[in-house]
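Next, two complexes with chain A in common: one pairs it with chain B, the other with chain C.
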Partner chain A sequence: MCGIIGFMSRKKKMINGEKIALGLCSLKERGNGKGSGYVGYGIYPTKYKDCYAFHILIDNCPKFEKIKVAVENILEQYGTIVKDEEIPTEEGIIKKVHIPWRYFYEVDEKFADKEEDVIVDIVMDINDNIDGAYVISSGKDLGVFKAVGWPEEVAEFYRIDKYEGYLWLAHARYPTNTKAWWGGAHPFNLLNWSVVHNGEITSYGTNRRFVEMFGYKCRLLTDTEVVTYILDLLLRKHKLPLELACQTLAPKFWSEIDDLPEEERELYTALRLTYAGAMLNGPFAIAVATPAGLLFMNGEIEDDTVMFGLTDRIKLRPLVAAEKDDLLFVSSEESAIRRICPNLDRVWMPDAGEPVIARVWK
Partner chain B sequence: MEVIEIDAKNMHYRELNEKIHQAIKENPDLKKIILRNVLGQRFIGNSLRKKDLTIEIYGTPGGDLGMFMSGPTIIVYGNCEFAPGNTMDDGKIIIHGNSGDVTAHSMRGGKVFVRGDVGYRSGIHMKAYKEKVPTLVIGGTAKDFLGEYMAGGKIVVLNIDKEGKDLGKIKGKMIGTGIHGGAIYIRGEINKKQLGVAADIKPFTEEDLKNIENDVKEFCQYFGLEDKFESLLYSKWTKIAPISKRPFGKLYTPDLF
Partner chain C sequence: MIPSYVPPKYTPVIDKKKCMVCGRCTIECSWGVYRKDGKRIIIYPNRCGACHRCVSMCPRDAITIIEEPVDWRSHPLWTVDIRRDNLNQAKTGKILLSGQGNTMDHPIYFDRIVLDACQVTNPSIDPLREPMELRTYIGKKPKQLEFEFEDSKIKLKTKIAPNLKLETPIMIAHMSYGALSLNAHLSFAKAVKECGTFMGTGEGGLPKELYPYADHIITQVASGRFGVTPEYLEKGAAIEIKIGQGAKPGIGGHLPGEKVTANISATRMIPEGSDAISPAPHHDIYSIEDLAQLVRSLKEATRWKKPVFVKIAAVHNAPAIAVGIATSDADAVVIDGYRGGTGAAPKVFRDHVGIPIEMAIAAVDRRLREEGLRNEISIIASGGIRCSADVFKAIALGADAVYIGTAAMVALGCRVCGRCYTGLCAWGIATQRPELVKRIDPEEGARRVANLIKAWTHEIKELLGANGINSIESLRGNRDRLRGVGLTEKELEILGIKAAGE
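This part shows the complex of A and B:
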């Protein structure tokens, strides 16, 4: 099960978080109250826009201060904490087993040429080595808000209506294979990559071993985490164009590749062979938000946020897309989109394995 | 009362379905229920048995519309989500829009008409028994795995757009994967490569034409396409039917056969 929904304003119009919460509440039946989450892009537009915003879950236990100091020790090795505070939450809605904390952070100038690698290292270090601290987002001008609870509870808990963003993704979880806990709720994020996912990555073991060869560490006990790291590897490190990166996640069948013209046949064969470990097997529908300034399309740098939705090749999980003016939506169900925006210009069901991509209008 | 109207705005599916059941119970001469502002409510028409009842839906009903239904007619002015007609036994569902994945899932009787397109795995595991022949008629196109594991009944795909014009080349893949009963009729040509395991292209005969004539006629009546009826019916059709009754019989025990 699981329900996903996301939308993006291609004009970068700011939209209140209550809208995404409204849509996600409509997908309540697809979850079971054991995990809901939101990510907003553009939510820190003023003072801290250019800082890395770390959202970190710290265990709500007597050791809280100790864990926090350990986190700060790691952060201070590579840069400066510009500001830190508890993420504002509403009391009495869900049991606060973790305290969500945020750090606005600048990387030291001496790492200027590999800033993003440093952030990835910090995330892996904290998740791997500090007991009781989990980084749930680490991008600029964005943040993940997630917990164990129903969509409306988590929205209320984090006061999601106090944030405005031009891109939102959300997820209602129905955990099946791994435990329900705050860090295992979606979205999963690294730098400016965020992923929500409905389904099951049965190739998790293969994919995990693949990304571990490149230094990523899967510590959050949910299969979706690995998708985030694969995207960071393919798109940021290996600089694959988005369309080809989607092809490595959900490649064409060999029988289809056989029927292609020679040049394409060579390309898709090479992709499948090079990135066999990045292929996702099992039923999935995912929605992904990607960062600014990193995407390479046909050799050109695309300097803006992109959102895309993708399903497995034989369509074992649902995904619909819709448009209204500058807004592009993807969701598990059409009714969730219509809850936010009753009159749509266009509604369609994307082909299995073919991404729907929303890009900022120039 | 013969007609009852319910405003489903912001109503949970459980409440809406209880209201429908209650309305039927309290009004023996009820002929029509009109549902307005429907948005995502699942299981509408679930298990209803009243043959002379029509339910009109305005909006986007949720999944499993008309599940286990045996008798009534549901007319939807809008799109449907997944699995309308799931294990339906008798009656009709007429959809004036598109419909999602697994439309007519495991249907065992009655008819489903979709004016627009349907999603993946439509008609999956439809089955027939004696006089019960479930029928799915699709106006537009069907995504891959149409009629997957189909055991009986018929699927008719007209391949026309909103204006009734021909949509050209059929796109679906893996058509009839695992089919072992019933037939799929597609208006247009199919390449053998588009078929799934166990499906085969069979000659389209006079008998087949008779078999679908009433379904095409009914479709044209519901959606105001009466003038197109003859040109649609007398077109090039492809019939897809099983290679055998037990396509996977030798999969695990080849020596026993």
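This part shows the complex of A and C:
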């Protein structure tokens, strides 16, 4: 059991991070203080908006400097560190076992045609080969803030109210399968992908081995990581329209597919055949923020970030959606949404396996 | 008792108080164990192989069978089996033949693997209340899908190669018409049709009587090419090239002339009464390119409409061979483990050549993943799959589906007595004698075989539900749901699973 909440301003209005913290705090019941986290989109000043912002947890130990140098060595192989600093934190709230550090980073021009692959490689390289350093986010103009602690502790620790963004996702964790540590808290991020997840993926072994075949390495020991990689593979590499990518995670049942008109039947059968290893089994509700460039079923390409929520195909985890003007919310509980925005225009329960999608208004 | 150097392995014992000397056992037993002599039944225990036909048919329940009625001096090295084999070979001077799978006392890895179940954190799923999907597609899959858009309508650009659609991941293995009787084959064919799955012809061609079920039959092309005609290839749902067999890797097949009756001679296109010997290699395959060519020729011959599988015996370098097969146009690789049954195999091969199927599945699956090819080709595991738990574990280790052979025969009455090569099967399964063949009623046989498949299917659904999974593809290669008990670190590593408690 875990609590998730996310919202997006479809007008790209900037909203203070204290709002998301407020919502998450009312999901306390769904966590146990063993991990909370936030991701905000649009949070960085103009001069760094086009830089990759690496948020990296470095072990707070005597070897700190050494680890940091190792990280920088990897980064410098592929580009330039524009600026780096410790992420400001409030002392005395949680035990600082890691020092969160951020790098604003530009990829060298000679890698211009495969910039994103380079970033993925860097993330894999650091997480895999450097003991004591974990990349927790690596997108542009966004950042993940997470730690072991209650929602309000983590919010205060990272001074989340000092950031403003147009899209926020948050998660309160109740870890069951893996031990609690900072890197294991949500959101999970890769490039501009961020995922918060409530549930337990019973198909984890199948999914992990599927993404590993495409060069991803699952090292963070939680199943949400694998969801992030699947999304990256399907939407970025294989360029599946968002609706169909959701269909591969939570596919229609064969009995439903059998009843479709021929062309659609072929499409959905092909999807299940080709991406069987990407199907997520077990109870889940996820909220996801995506990079620009997502394809839709009608052929449109979104040149902005998209947020969507999705549950497993028999809805073993709750997800509620709501709207107020330009704001679209998804959350485990309606109460968390109402805490942020008491008067809503519309509240609804999405069907099992049906995505709720928020796109920037044009 | 007939005087013999070799003491009997089994002795039937008739309870005189129960027996009414009806003589039924003398007819039921096709091996000649019983003879009626006036008011008593004379028993020749040397001929008994414990096939239980007499036990099942005796109206008075008067017969019991005792194993090893004569004690041998026990010796750890000179086991009874070894001494018996030596005595038999001293008598005949021949290679010892045997039926059914490896009988050596090696670990059965399936039995050392345990399964997971959900508790609290993720709900188990109740298959009686929620959909539970076992549908499996066997065949080539594309690496990725491509789409095109026409007036904001999405269209699939990628063409999907023909796949076999299985409603349950259990198929019936290739056992040839010739080795098996027509009624056994008819029972299988009716059963697979009913269950939405498939059976293999084996290397003996496709008798006309099976044509009505041909859309559920996979035709085989083996080194003897018996019965291979354009019509044969065209008729089946898929084609399987048999390179090797788990029970006898490295050698071909042998059907004794006694089993080659008129119908079999017509189906196989060989003279009646002649031994049907398939050579060890295919005489047109001496390297992997040759195999790729044969795959392509068969595809061409059937206008790329039929999936083509390649079956190999599980041997040390099965993973490398599987990679070779995966890079050809083949749609599936079938791996046959050393416990796989056979009608007739030299005992020395059956017991000493090949590797366990569990290891082979794990190794092949891993290797295909390392090569990035696993998604594109299906893996069918066969040889020693005995129950639904074995199917479940085979799939979790990495198979797409399984073939069952012996288990399907057991459904027809087989007692795994291991004497299929004699052609005298008292259950009418591995025989061509009309009076024995008619002991199987194809309708009744089909019901029993279908029951077995359905029962396993139910059990697999329950196991999936307990694991919080509602679709079989989420089990495939999901080794995280398995744990090993009493295995060495190396064995666990090869199987790719953790030890219980980890």
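Annotations
Note that in this section the second predicted complex is superposed on the first by the 353 of 362 C-alpha atoms of A that agree within 3 Å, B and C clash if a C-alpha of one lies under 4 Å from a C-alpha of the other, contacts with A are read in each partner's own complex, and residues count from 1 in each chain.
By our rule, a contact is a pair of C-beta atoms (placed from the backbone, for glycine too) under 8 Å apart; a residue touches a chain by one contact, two chains touch by 3 or more.
Source: prediction; values computed, not measured.
Of the two partner chains, neither chain B nor chain C is touched by A:E86. Contacts of A:A336 after superposition: chain B is touched, whereas chain C is not reached. When the two complexes are overlaid on their common chain A, residue A:V347 makes contact with chain B while staying clear of chain C. Once the two complexes are laid over each other on the shared chain, residue contacts for A:L240 go to chain C alone; chain B is not touched.
Within the superposed three-chain model, A:D128 lies out of touch with both chain B and chain C [touch as defined at top]. More chain A residues lie in contact with C than with the other chain of the pair chain B and chain C. With both structures placed on the common chain, the touch criterion links A:I314 to chain B and to chain C.
In the superposition on chain A, contact of A:E76 is made with neither chain B nor chain C. With both structures placed on the common chain, the touch criterion links A:D325 to neither chain B nor chain C.
Across the two superposed structures, the residue set of chain A contacted by chain B and also by chain C is 314.
Within the complex formed with chain A, the chain B residues making contact are 13, 39-40, 42, 60, 62-63, 79, 81-82, 98, 100-101, 117, 119-121, 143-145, 174. Residue ranges on chain A touching chain C, taken from their complex, read 1, 176-177, 199-200, 202-206, 208-210, 212-214, 237-241, 244, 251, 253-255, 263, 266-267, 269-277, 279-283, 297-300, 313-314, 316.
Within the complex formed with chain B, the residues of chain A that make contact are 26, 29, 314-315, 318, 320, 333-336, 338-339, 347, 349, 351-352. Within the complex formed with chain A, the residues of chain C that make contact are 118, 120-123, 125, 130-131, 133, 135, 137, 141-145, 147, 149, 152-156, 158, 160, 163, 369, 372, 374-375, 396, 467-471, 473-481.
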